[in-house]
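Next up is a structure, given as C-alpha cells.
Think of it as A, B and C in the order they're written, each chain with its own count starting at 1.
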Amino acid sequence: MLFGLSHAGIRHKKVLLSLAVLSLWAIPAAAVAGDEVAFLTQDNANILWTLLAAILVMFMQAGFGCVEAGFTRAKSAGNIMMKNFLDFAAGSIIFFLFGFALMFGSDMGGFIGTSGFSLAGVADGDLPWTYTFWFFQSVFAATAATIVSGGMAERTKFSNYVLVSLIVTGFIYPVSGHWAWGSLWLGDDGAGWLEALGFCDFAGSSVVHSLGGWLALAGAMVLGPRVGKYTEDGKAKAIPGHNIPLAGLGVFILWFGWFGFNPGSTTTADNTIGLIAMNTSLSAAAGTVAAMTFSRLRYGKSDISMTMNGALAGLVGITAPCATVTPGSSIIIGLVAGVLVVLSIEFIDKVLKIDDPVGASSVHGVCGAWGTIACGLFNVGDGLFMGGGASLLGVQLLGAGAFLAWGFGGGYVMFSVLKALFGLRVSKEEELKGLDIAEHGSESYNGFQLFTTE
Amino acid sequence: MLFGLSHAGIRHKKVLLSLAVLSLWAIPAAAVAGDEVAFLTQDNANILWTLLAAILVMFMQAGFGCVEAGFTRAKSAGNIMMKNFLDFAAGSIIFFLFGFALMFGSDMGGFIGTSGFSLAGVADGDLPWTYTFWFFQSVFAATAATIVSGGMAERTKFSNYVLVSLIVTGFIYPVSGHWAWGSLWLGDDGAGWLEALGFCDFAGSSVVHSLGGWLALAGAMVLGPRVGKYTEDGKAKAIPGHNIPLAGLGVFILWFGWFGFNPGSTTTADNTIGLIAMNTSLSAAAGTVAAMTFSRLRYGKSDISMTMNGALAGLVGITAPCATVTPGSSIIIGLVAGVLVVLSIEFIDKVLKIDDPVGASSVHGVCGAWGTIACGLFNVGDGLFMGGGASLLGVQLLGAGAFLAWGFGGGYVMFSVLKALFGLRVSKEEELKGLDIAEHGSESYNGFQLFTTE
Amino acid sequence: MLFGLSHAGIRHKKVLLSLAVLSLWAIPAAAVAGDEVAFLTQDNANILWTLLAAILVMFMQAGFGCVEAGFTRAKSAGNIMMKNFLDFAAGSIIFFLFGFALMFGSDMGGFIGTSGFSLAGVADGDLPWTYTFWFFQSVFAATAATIVSGGMAERTKFSNYVLVSLIVTGFIYPVSGHWAWGSLWLGDDGAGWLEALGFCDFAGSSVVHSLGGWLALAGAMVLGPRVGKYTEDGKAKAIPGHNIPLAGLGVFILWFGWFGFNPGSTTTADNTIGLIAMNTSLSAAAGTVAAMTFSRLRYGKSDISMTMNGALAGLVGITAPCATVTPGSSIIIGLVAGVLVVLSIEFIDKVLKIDDPVGASSVHGVCGAWGTIACGLFNVGDGLFMGGGASLLGVQLLGAGAFLAWGFGGGYVMFSVLKALFGLRVSKEEELKGLDIAEHGSESYNGFQLFTTE
C-alpha cells in the first residue's frame, strides 16, 4: 500500500468486496480507531446533487447563445450573445425579486403563488434547501426566456427586448409554472390547478420549453420576417447561419446541460437518476438520427441544421416523460420528435410564413407539446402522476393546450402592446447594417472579410 | 446566525470542528429533535458519481468535434460536426440494442458477451445501477467511434461513414472491450480473456483509445490521402487547420471531460478519485510541456497543433495507469507521450505517407499503446492487476498487441470490404468543393470570404 | 413497479414521504434483507465535492482562453491559446514541485510554507484528501497565472512568458497565498499573517484575482502598449476583438466554472453551498446588468465587451464575500463591480495609458480589491472571520493593500528584471505580423480572408 489508498482495482468485480465492507475499509484508520465516523446526510446529498445539476443547466445559456448565433448571420452575432447575457442576468434578479414567489409561493386559487418575494419570511431551517432550490429554478426560468430570443433574432430592438425578458421571467413563466409545479418548493401550501389534476411534466417539456417556444412564435409573428426572408410573391428564402461549428458546439453544450435539466429534476440524490439520464440520452440520439435520415429522404442530403435541431427536439420531447417511460419508449419519443421538428420548421417557414430564424417554436413549442402528450402515451410510472378519475392522457392534452394558450396568447398580447407602445423592431437600415453595429456600435468579427451584400 | 447556515468558516481549520460533530451540527434542528436522520447510501453515491462522470465524458463529444473541425479545413467543418453527432447518436442506440450485451453480457469463451440485449432480462434490483452503468459505458463507446472520424476527415462519403460508425460501436469496440472489461457489469458471469490474465486498462488506454486510433489508421490508409496532401514525388505537404482557437477550446473540453473519464472509471464514490485526477492532470500537463518544448527543439518554434496534441497524448497515456502509479510517474508518462506523439505524427505523415488529418492514430493509437505498457512499467498498485504467474509487463505488451491486431486488422478488413461494396470516398470534385457543400448542401461559414484555391 | 425504481414522483411533495423513510425505501431489497447497508462517509463526500468543484475550475482555463483570444486580434489568437495551455501545464508541474509547499506547508513566520514539496512526507492517512486538495489548489494557481497573460497579450515573447508563468505559479502566487490561506491544508502547522489577523477571502478575490490582475497591470506597464494603440499625441485607440461570440462563450464558461470556484471553496459537502452559488449567480447577474446599463448611459449604446467584463466583474467581486453576505448584498456588490469595471477600464486605458488588451487589471485587480473590501462591508458571518480586536473592514483594507503591493510591486520587479535580462517583447515586425506567425509559424484562421492592414 504505497499511497494510503484503500484499493486500486475497484472495477474488477472478481476482487470487489461488498460495498458494506468497502465502506468501512475506505475509512481512514484514525477514524476507525477512536473517532465517530460521520456520514453524508441525505439532505446535504440532495443539496449537492441539485446544485450540481443547476450548474449544468446554467451552462445551457452558453449553448443557446452558440446555437442562436451560429444559425444566424455574422452581423448580429454579438447582439445575440448580449440577449443571452441579458436573459440570464436580468432574469436572475427579477426571478429573485418576483418570479420565484409567483411560481412557488403559497397558492392562491391554483393560479399563482403569493409569498417568498426575495425569499422573505423563509424559516431558518428551510434556508439551505431554499437557496439551492432557488438557484436550480432560476436557471430553468432563464432557459425559458432565452428560447424566446431565438425566434426574435436579428431584428428586435435591444431596449425593448429587455422588457420582454423581464416580463417573461418575472411574470409569464412563473404564473404558468405555478400551475404545474406550484407545490414543489415546500409543498404544504397548495398546488397549482394542473398539478392538482395529476399533470405530468417532470422536467419541463411544457413548463419551460413549450412556453418558451410559443412565446417565440408569437414574437416572431408580431415582429414580422427579416428583410429579404420572403420574396414579393411570398416564397421563403433560406438565410443560412454564419458559423455551423459554433452552432454544433452549442447543441453539444445543450445536450450536456440537459443531463442536469432532466436527472436534476429529481432534486434528490436517489437511484432513479440513471434511468432518467439514459432515457434523455436515447431520445436525443433518436431525434438526431431521425432528423438526419428524414432530411435525407426529403431533400436528398442530410441537412446539418435540421440534424442539430433533431437532437434538441429529442431532448425537448423526453423532458416531460423522462422519469416515467422505458428506454425503448424514449427511442420512439425521440424518433417522432426528430421527424416532427423537420415538418414543423417547414410548415412554420413555408406555410405560416413566420420567420423564426433558429426554429425555436418548432424545437421547443411543438416538440415540448409532443413530449407532454408522450408522457401520457408511454407512461409506466406507478400512478403518482395520474389524476383522480381522469385519464392521464386527457390531463396531458389539457396541459399542453393550456401552455399553448397562455404562451402564444399571452405572448401575442405582450408583444402587441410593446409594439404599440415602443415599437419592437429596429429600422430597416439598422437591420441591414446588422444589430451589432446598430445596437452596440461594434462588430463581432473584426479583421475578417465578410460579404457585404447580405 | 442570520442565514440558518451552520457555519461560515469551514475552510479555516483553526475553527473547524471535527467532521463527525459538524455532520450532526449541519442537520436541521427538526430532524435532530424527533425524526430519524437519513444518510446517503453508498449505492446511491456510486450512482451519483458515475452519472456525473458519464456526463463529463459525454461532453468530450463536443471536444472531439471542435478539435477535428479546427484542425481541418473550413469547407468540411460542418461535415465533421455531423459525423460527431452521428457517432454519438447512432452509437448510443446500437450500443443499447447490441453493443452493451456483446461487451458486458455473460461471457462466452472469454471472447464475447451474450446477454443483456436492450437490457432485457436484468433483475429489478439491478436496474438502477445498470441504467447508470449503461450510460457511462455508452459515452465511452461513442468516444472510440469518434476517434475514427478524425483520421478519415475531409474525404469520406457520409452514407458509408454511417456504416463504419455502426459497425464500430455495435461490434468491433464491444468485442475487444469484452476481452478487457467483460466482467465489470454484474461480474459473476465470467471474464474476458485479457482480464483473466490480469490485464490492466483502468480507464481505457487500449479499450477506447488505442482501438479508436488503430481503426483511424486503417481507415486513413484504405481511403488514401486527401487531394493535394502529397506531391507527385511523394513529399508531404501540410494542410493547416482553419480554426485554431476552436481546436484549442476542443482540447480544453477534452481535458475537462477526461476528469470524468479517468476518475469516473472507479464507478465508485471512494477516496481514490483524488489521486486519479491528480495523475491525469499531471500527465496532461507534462505531455503539453513536452510537445511544446520538443517541437521547439525540432522545428525552431513551439508548434501549436503539436502542443495541443501533446496535451491529448498525455491524457491518453495516463488513462490505463492513472489509478496505479504515483504522481511522479504520471509526469514521466506524460513527458514520454508528448515526445512520442510528435515523432509518431511525423513518422506516419512523412514515412508511412498515411494522411491522418488530425493525428488520431498517433494521439490515440500510439499513445494508447504507450499508456498500456506504462501501466506495467510504473505499477505500484497492490497486485490486483497482476496476472497469475506472468509478469504484468508481459500481459500489458500482449494486450497492447491484441488491440493493435484487432483494431488495425479488423479495421483494415472492414474498410476494405466497405470500399469494395460501396466505395468509401467521395469524388475528387466533391472533395475539392468540400464535404459541407457536397454532402450536406450547405456551407459552414456563410458570409465569410474564404480563399477558394484550397 | 416496472423499472425497479423506488418512485417516480419525488418532486410532487404531496406524495413525498419523509426522506428518512425514502432512504430506506430506496435501498435494494437484497441489502435490506441481510447485508449491512453502507453509507457514504463525510470524508469521501468531501473528496467527491471538492474534486467536482476542481474539475469545474479547471474548465475556466478554456474560458480564459476564449475570452482573451476573442477580445484580441485574429493574428495572435493561437499564441493566446498557447499561453493558456502553458499556464495550466507548466503551472501544474511547478505547483506540484514547489508552489503547493510554499503555500500550504508548515508555516515560517506567517510568510511562507516550508514542507510538502512534491507532496513528500505526507502521512498515508492524509494522502487521499491531500491529492484532492492539491488538485483543487492547482487549478486555482493556474487561474491566477492565466489572468496575467491577458494583460500581456499580442506583444510578449513566448519564451520569456514561459519564465513569467513559472515564477508566478511557483513563487509569487503561493507566497501571498500562504498569507491568507496557509493553514487550509492540514491546518495544525501555523497560519499566514493575514489569516492570523482574521482576513476574509473565502474563495480568492485577493488571493487569486487581485494578485493576477495587479501582475497583469505591472506586465502591461513594463511591456508598453501595442503598436498603434496610442496616437502620437497620446490618444487611446480602440483595438477591437476579432471574435465576439468566442469571447461570449468564454465568459459563459468562466461563469459556469465559477460555480466550482466559489461553492467548492467550502471543500466540504455541507449545506452552505446553495447560498454561495446563489450569491455568486446574483452578483454576476448584477454586474452584467450594471455594465450593460452604465455603458449605455455613458456611450449611448450597451457595449458588448463592457457587458461581458461586467459579468466577470460581478463574479470576481463576490468571490471573497460569497459565503458571508446575504443575497441582497450580493446584488449590491455585483452592481458596484459592474460600474467599477467600466470606469476602471477607461481610467487605465485613457488616463494611465496602460494597454491592457482584455481589461484584466480592471476585472481581476480592481474588482478583486472591491470584493475583498465588500467582505468587510457586508459581512453577516458569525464572527469566524473577525480578527482579534481589530475591525474586519480594517483587516480587509490591509489585505487588499498587501496584495496590491505584492502583486504590482513584485510583478514590476520581476518584469523589469526579465526585460533587462532577456527582453520581454517581440520585435515591431513580429508584432505587426502577429504572434501566431512570428512565434509559432502558423496562422489561426487558414483559408479565411483577413484584413492585412491591422
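Observations
By definition in this document, contacts are C-beta pairs under 8 Å (C-beta built on N, C-alpha and C of every residue); 3 or more make two chains touch, one makes a residue touch a chain.
A quick note: this is a predicted structure, and the numbers were derived from the prediction, not measured.
Interface subunit B/subunit C: under half of the residue numbers present appear on both copies, so the contact uses mostly different residues.
Think of subunit A turning onto subunit C: fitted on CA atoms, that turn is 120 degrees, to the nearest 5.
For this pair, subunit B with subunit C, the centres built from the Cα atoms lie 28 Å apart. Counting only residues that touch two or more partner chains, subunit A has 1, 3, 5, 19-20, 22-23, 26, 37-40, 42-45, 52, 127-128, 243, 249, 270-272, 275, 445, 448-449.
By the touch criterion given at the top, residues 1-3, 5-16, 19-20, 22-23, 26, 31, 35-45, 49, 52, 56, 73-75, 123-128, 240-245, 248-249, 251-253, 255-256, 259-260, 263, 269-275, 277-278, 281-282, 284-289, 292, 299-305, 307-308, 311, 327-328, 331, 445, 448-451, 454 of subunit B touch subunit C in their complex.
Interface residues of subunit B facing subunit A in the complex, by the touch rule stated above, are 1, 3-5, 18-20, 22-24, 26-31, 37-40, 42-48, 50-52, 54-55, 58-59, 61-62, 65-66, 69-70, 77-78, 80-82, 84-86, 88-93, 96, 118-119, 127-135, 138, 158, 181, 183-184, 186-188, 191, 195, 202, 243, 246, 249, 265-268, 270-272, 275, 323-324, 326, 380-382, 384-385, 436, 439-449.
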